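One chain, chain A, appears in both complexes that follow, with chain B as partner in the first and chain C in the second.
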Partner chain A sequence: MADQTMIGSTGATWLPALARRSEAVVIPLAALVLGLGLFGLFLLTQGKSPVDFMAIVWKGAYGSAFSLQNTLSRAAPLLLAALCVALPARLGLVVIGGEGAIVLGGVATGALGPHLAAVPPIVALPLLGLIAMAVGGLWIGAAGALRFYRGVNETISSLLLAYIAIALMNHLVEGPFRDPASLNKPSTLPLVDALRVGNLPGMEVHWGLAFGLLACVASWVLIDKTTWGFAARIVGGNVRAAQVQGLPVGRLILGFTALAGGFAGLAGFFEVTAVFGSANASLASGYGYTGILIAFLARHNPLAIIPVALLLAGFDAASGLIQRRMDLPDATILVLQGFVFLVILISDTAYGRLKLFHPERWA
Partner chain B sequence: MRLSPKTLSRRHFLNGAAALSGVALTSSLPMMARAAAPLTVGFIYVGAKDDFGYNQSHAEGAAAVKAMEGVTVVEEENVPETIDVQKTMESMINLDGAALLFPTSFGYFDPHVLAVAPKYPDVRFEHAAGLWHEGLPTNVGSYFGYIGMGQYLNGIVAGHMTKSKKIGFVAAKPIPQVLLNINSFLLGARAVDPTITCQVIFTGEWSLAVKEAEATNALCDAGCDVITCHVDGPKVTIQTAAGRGAYVCGYHANQSALAPDKYLTGAEWNWAGVYTGMVKKVLAGETLPNFMRGGLTDGYIKMSPLGPAVTPEAKAQFDATMAEIMKGGYAVIKGPLKDNKGNVILKDGEKQVETDIKLESMDYLVEGVLGATS
Partner chain C sequence: MEHDIGLWGIPIAILGGAIRVSTPFLFVSLGEVLTERAGRINLGLEGTLVFGAMSGYATAVLTGSAWAGVAVAALAGAVFGLVHGILCSLPKVNDIAIGIAMMLFGTGIAFYFGKPYIQPVAPHLPAIPLGFWSDLPQLQAALQVNVLFVAGLGLALGMAWMLRATRIGLTLRVVGDSTDAARAMGLRPNVIRTLATAAGGAFAGIGGAFLSLYYPGSWNEGLSSGQGLMAVALVIFARWNPIACFGAALLFGGAGALGPALQSVGISSGYYLFYAAPYVLTLGVLIATSSPNRAMAGAPGELSITK
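Entry: the complex of A and B
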C-alpha cells in the first residue's frame, strides 16, 4: 500500500510538470508543421513538388557542415538584433528601430577603428565594442527616455530615429569619415588586420555568433532570474502598479532600452570588424527589421530567440538553393515565412486552452 | 508546368498529394537530376531580375549564357552586400559546382569577393565594375563598360527635343560613375545648344522608389522636359516623368515598353555579348584578363532604338556622333571645361578619352549642371 502511494505520487508530480512545460514547445512546433503543410499546398498550385522543396531547404540550411555554417553565419547578427526588440518588450515597450543602433554601432567602429591601429588589439577591440554598444545604447535609450519623460510613443520614435541614423551614416561615410580611396562605394578607412575579428575555432562563422548566444543567455538570466528582471516584468504587466509599488520605472526603462540598443550596437561592431573591415551603406541591410519578427515569434523570450533565429537564417540560407534548383523566384521564401509565421502567431491563441497541457483540468 | 489556381481541379490536387508521398520514394530530387555540364556559371544580383534596370541587364546576359552549349547557369537575386553574398558564392561553388561566378553588384567586390576568392583558387570570379589591380587575387577579374558615352548620346537627343532648355537627371549617389553620366548627359545636350542646363537630384540610395518619384516630380515642376536617371531600377522615373508629359531617356536596360510615346532612346548594357564572349573563352581553356573595359565599339554597351518622337535633326546628329564614337578614341570630357563652381577642370586642348582611368575618379559636376555633389 505504501509502495503504491509512492509510485502514484511521483507519477503525479512528474507527468503534469512535463505537460505544463511542453506547452511552450509543442504548440510552436505544431504551428511550424502546419505552416509548412499549408505552404506545401501552395506549392502544389504552382506545379512544384513540396517534397523536393523541403529536401532542398534541409540541404541548403542544415544538411551539411557547409550549410549549417551558412545558417549560423546569417543568424549571428539576428540574435543581437532580436534582443534589441525583446528586452524593451518585457517592459511593455515596442521598439522597432534596432536598425539605427546597428548602423551607428558600425559607423562608430569604422570611424574610430583606424585611429586605434597602434593600440594592442586586446585593448582596442573591447574598447571599440564598448563604444559601439554605448552609441547603440544611447540611440535606443533616447527612445526610452522620450517615452518616460515626454510620453512620446517609443515605436514611432525608434523607427524615426532609425531613419535619422541611416541618414547620419550616409552623411558620415560620404563626408567627414570617407576614405578618399573609396571611389564608387564610399566607406570609412579600412581597419588594420589586427583589429579584424576572425572566425570561431574550426568554423567558418565569426565570433559574433558566440557573443550573440552569450547575450541571449545573459538576457534570459537577467529577466528570469534577477530582481531587476522581475521588476521589469512588473512594469510590463502594469506600469501604474509598478509605480505604486515604488519600483524605479524610469531607471528600468532607460536601463533596458539602453541595454537593448547596446546589443544592436554590438551587432554593428561585429559587422564592421568581422565582415566588412570598414563602415559603409551596406550596414543598413535590414537585420534590425528581421530582429523584430524573430523577437515577436520568440514571444520576447531571449532563449527562444536562438531557435527562431536559426530557423529564419536557415530559410535565408536555403533561399538561394531554392532559386537555383527549382526555378522559383526569390519571393518564395517570403511566402513560406508568411505562412509559417502567420500560423505561429495564430497559435498564440491556443495557449491555455488545450486540456492536454493543463493537468489541473485532466480529471 | 505552372497551374493557375483556376485549373487546380480536385484531380490535380489529389495527383499532387499522391506525388507528395511518391516523390519521396522515387527520390527524383532536383539535386540528383542536375546533369554534370562541363561548366557551371553562377550569376548573383543585388536586386530583382526583372527590375527594368541594372539587375535585369545582367539577367539578360545570363539568359544568353544559358542558351549556350555545355553550360549550366545558376542564378540568385536579391542578395544583399553582406556576409550573405559570401555564403551565396560559396554555396554555388560547393553545392552547384560553379567554376565561374559573376557577382554583379559593385558592393560585392570589397570585402566579399576578395575574402572568398583566395579560398577557391580554381574558381574564377568576374566582378562587374570593380577595380582590379596588381596584388589582388589573380583568380579575380573586373569588367565594365564606358556607359557615359551612352548618356552623351542620350544628351544629344535630349538637346534636340527640349523646348524649355532644361533637362533633368535623377541620380542615386554622387560617386564617380554617376557624376560621369550626369556630366556626359549635359555635355551631349550642350553639343546641340550651349544654353541648355541640367538639373540633378540625388536620392541618396540605389533603390528607393518613393524618393525617385519625388525627385522626378520635382524636376518636372522645375520645368525640365527631358529626364533620365542613374538608379538601379529606372522604372519609377520613366513612368513618373512620362506621366507628367516629359520625354525620357533610358538607362541600364530598354525601358521603351514603359513609355512607348515618350521614350527617346537609352544607354543600355550589352551584357549578353560580353558574357557569352567570356564564357566562350573559358570553355576554350583560355584565361580571362584581370581587367576588362569596353564601350560602344567593343559591344559592351548599346543604344535603345530611337523612339517615334525623335525628330530627323536629332536622329541625324545622333547617327553622326555615333559614327565618330565607333572610330574609337572619342572624348566627351575635353577642354576648355569648368566645373559648376567655376574651377577649371581642363584647359583648351586637354582631353580625357573614354578609356582614361582618371574618369573613374571624377568628383565634380560640369558647368551647366544645377546641383551639388555634397
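Entry: the complex of A and C
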C-alpha cells in the first residue's frame, strides 16, 4: 500500500493532523471505488460495458432535472432508514430490521389517516407522523430492550421482527383495514387530499427529504455534541467501562434504538402520505436493507449518511433505465450493492495499518 | 372427498408439513452448528440458501438431473462459506457484518442469475412413500418423505458422533472454545474455522436445493423468506447439539406448516398471521433461552454472538 515517502517528517503541523483525520474519509472512498471496480469486472464477464453502465446511471440519476428529483425522492426514506442502523451502531448494536419499522409506520399512517379526515391537517399530519414514529420506535426499541434485558442478539431479533412486521402488514392490509375498492393490490383506504404531504417549494420532491436531512443533522448533534451522545459512544466502546462509570446503559440502549426505529417509522409515514396515498405491500420495497449498506458506508456518521444516501438513491433511481437500456435484470443493483458492501467491510482491516495516516510512525 | 377425516386433517397436514418444511432448516442449522462449534458465526447462510436453491434448480434444468443440482448447490454453498471464512480471518473484520453483506450479496446474485430459470421446470428429487401401510390418502401424502430428509437425519447423527468421539470433532471444539489453547496445541484456528465455514456453507447450499427441487419445488425470488436466518437462531435454541437441531427443525417446520395446514381444511382467515408463526416462535425461543448475565450453557467460548 501507499506509504508516505514523499512527505517530510519536518513538515508543517497541520499535515499530521490532516493525515490522521483523512483516514476515515480516504479508506471508505477507496473501498467504494474498489467495490464499483469489482462490479465493473462482473459486468465485463456478462458482456456488458461498465462505462455504458456508469453513463446510464449518471443520466438516470443526476443527468436531468427529472432524474435528479427522482433520486432525491428516493433519498428521503433512505436517509431515515440509514439512521435506523447508524444510531444503534454507536452503542455497538447491529440493528438490521429497519424495514419492519418502515412498514409498520406506513401501515399505522394508512390505517389511521382515513379516520382523521375531519381533523384539520395541521393537527392530523403531525399526529400521524408522531404515531408512525412511535410504532417504529416501539418495534426497534423492542429489539434494544430484548438485547439489554434478555441478552437476545439484536441483529437476529430485529430481522425476525421485520419479517413479523411484513406479515402483520399483509394481514392488516388484506383484512381489517382493506379498502374494498382496491381489487388488484390490497390497500388501506386512500388518504384525503388534505392529508397528502406535498412537495418542497420549487421542486418535485416531497417534504420527506427535508425531514430526512434534518434528522441526519439532529442525529449528528445528538451523537457528537451532547452528553447523551458522548455516553452512547462510551457504551459502544466498552459496555463494562460504561457500567463502571455509572452510565445508564439500559436507558441509552432503549432511547437510541427507539429513536432509530422512530426515524424508520417516519420514513413509512412519508411513503404513505407523500408517495402512495395509502398503505400497501409496496411499503416493503427494500429501503430498510439499502439503509444498512448506507450506514456502514458512512461509518455510522449521520452527516456522512447524506452523500452516501444520495449516491445509492441514484443507483436505485437509475435501475429502471439500466434494465431497459442494457437488458440487465433488476437484481443488478443488488449485485452492485453486494460488491460494495463486502469491500467496505473488508476495508475495516486497513484501519491503523497504513502509515500514511499515522504521523507518529512517519520517522 | 372420499375419506373425510375432518379436523384430523390439521395435525396430519402439520406432521407432513413439518417433515417437508423442516429439511432446509435441518441442513442450514447443521451447517451452522459446524461453523459455530469452530467459533465463528455465519449470518450469511440465508444468502447461501437462496443461491443454493437457484444454482441447484438451474443445474437440474440444464442437466435434467436433480442430484446434479444438489451437488452444484453444495459446491456453490462451499464457495460462499469459503469466502465468508477467508474474509472473517482478516484482522478487525466483523463476522456479523460480513454475514449481513454475504446475505445481501448471495440473494442479489441469485436473483441476477436466476431470472431465466423462473419459467422452466426442473426434475424433482425423489421421495420415499413411508405411508404405504395406511389407506388414508392424507396420511400417505404426509409421509412422502424426501431422501434428503433421511440424509439430514443421518448427517445429524454422524455429526453428533464426530463432535464427540473423533479427532476432527475434538479439533473443532478446541478451536471453538479457545483460540489460545488451539494455538498452544499447534493448530491453526483461522484455517480450521474457514474449512468449517466452507463445510457449513455446503450444507446450507443443499438445504437450498431442497427448497427449489422438492418443496415448494420451483425457483422464484420469494422462495426463502428468512429460513436461513431462523436456522441460525435455531442453533442457539438447540444448544449447538446436532441431534437437538433435528428436533428443533421439526418443531420449526411444524410452525411453518401451520398456515398451509389450516388453509387445506378451509380455514383461511388470518392466514398471514399464521404465516408469521415461525418468526414468532423463533423470537420466543430466543427470548426464553438467552440470558443477559451469564454465558449460555454449551456455547463455544469464542463465539462472538454470545459474548
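What we mean here is this: the second predicted complex is superposed on the first by the 350 of 363 C-alpha atoms of A that agree within 3 Å, B and C clash if a C-alpha of one lies under 4 Å from a C-alpha of the other, contacts with A are read in each partner's own complex, and residues count from 1 in each chain.
The rule is simple: contacts are C-beta pairs under 8 Å (C-beta built on N, C-alpha and C of every residue); 3 or more make two chains touch, one makes a residue touch a chain.
No experiment lies behind these values; they were computed from the predicted model shown.
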| item | value |
| --- | --- |
| Combined model on chain A where chain B meets chain C, clash or fit | clash |
| Chain B versus chain C as contact partner of A:Pro329, first or second or both or neither | both |
| Touching partner for A:Glu271 - first (chain B), second (chain C), both, neither | first |
| First, second, both or neither for A:Ser285, with chain B first and chain C second | first |
| First (chain B), second (chain C), both or neither touched by A:Tyr351 | second |
| Touching partner for A:Asn170 - first (chain B), second (chain C), both, neither | both |
| First, second, both or neither for A:Phe341, with chain B first and chain C second | second |
| Touched partner set for A:Ile96, first chain B, second chain C, both or neither | second |
| Touched partner set for A:Leu200, first chain B, second chain C, both or neither | neither |
| First (chain B), second (chain C), both or neither touched by A:Val51 | first |
| Overlapping segment of chain C (options 19-27, 181-189 or 217-225) - the one that collides with chain B in the superposed model | 217-225 |
| Residues of chain A that lie at the interface with chain B and also at the interface with chain C | 167, 170, 174-175, 329-330 |
| Contact footprint of chain C on chain A as seen in their complex | 94, 96, 146, 148-153, 155-157, 159-161, 163-164, 167-168, 170-171, 174-175, 289, 292-293, 296, 329-332, 334-335, 337-339, 341-342, 344-346, 348-349, 351-352 |
| Touch list for chain C against partner chain A, complex | 43, 87, 90-94, 96-98, 100-102, 104-109, 111-112, 115, 225-226, 229-230, 232-233, 236, 269-273, 275-276, 279-280, 282-283, 286-287, 290-293, 305 |
| Chain B contact footprint on chain A (complex, rising order) | 40, 44-47, 49-52, 55-56, 59-60, 66-67, 70, 73-74, 167, 170, 174-175, 183-186, 206, 271, 275-277, 280-282, 285-286, 316-317, 319-321, 323-326, 329-330 |
| Residues of chain B defined as touching chain A within the complex | 1-3, 5, 8, 12-13, 16-17, 19-20, 23-24, 29-31, 34, 48-49, 74-84, 87-88, 90-92, 94-96, 106-107, 109-111, 129, 131, 173-177, 204, 360-361, 374 |
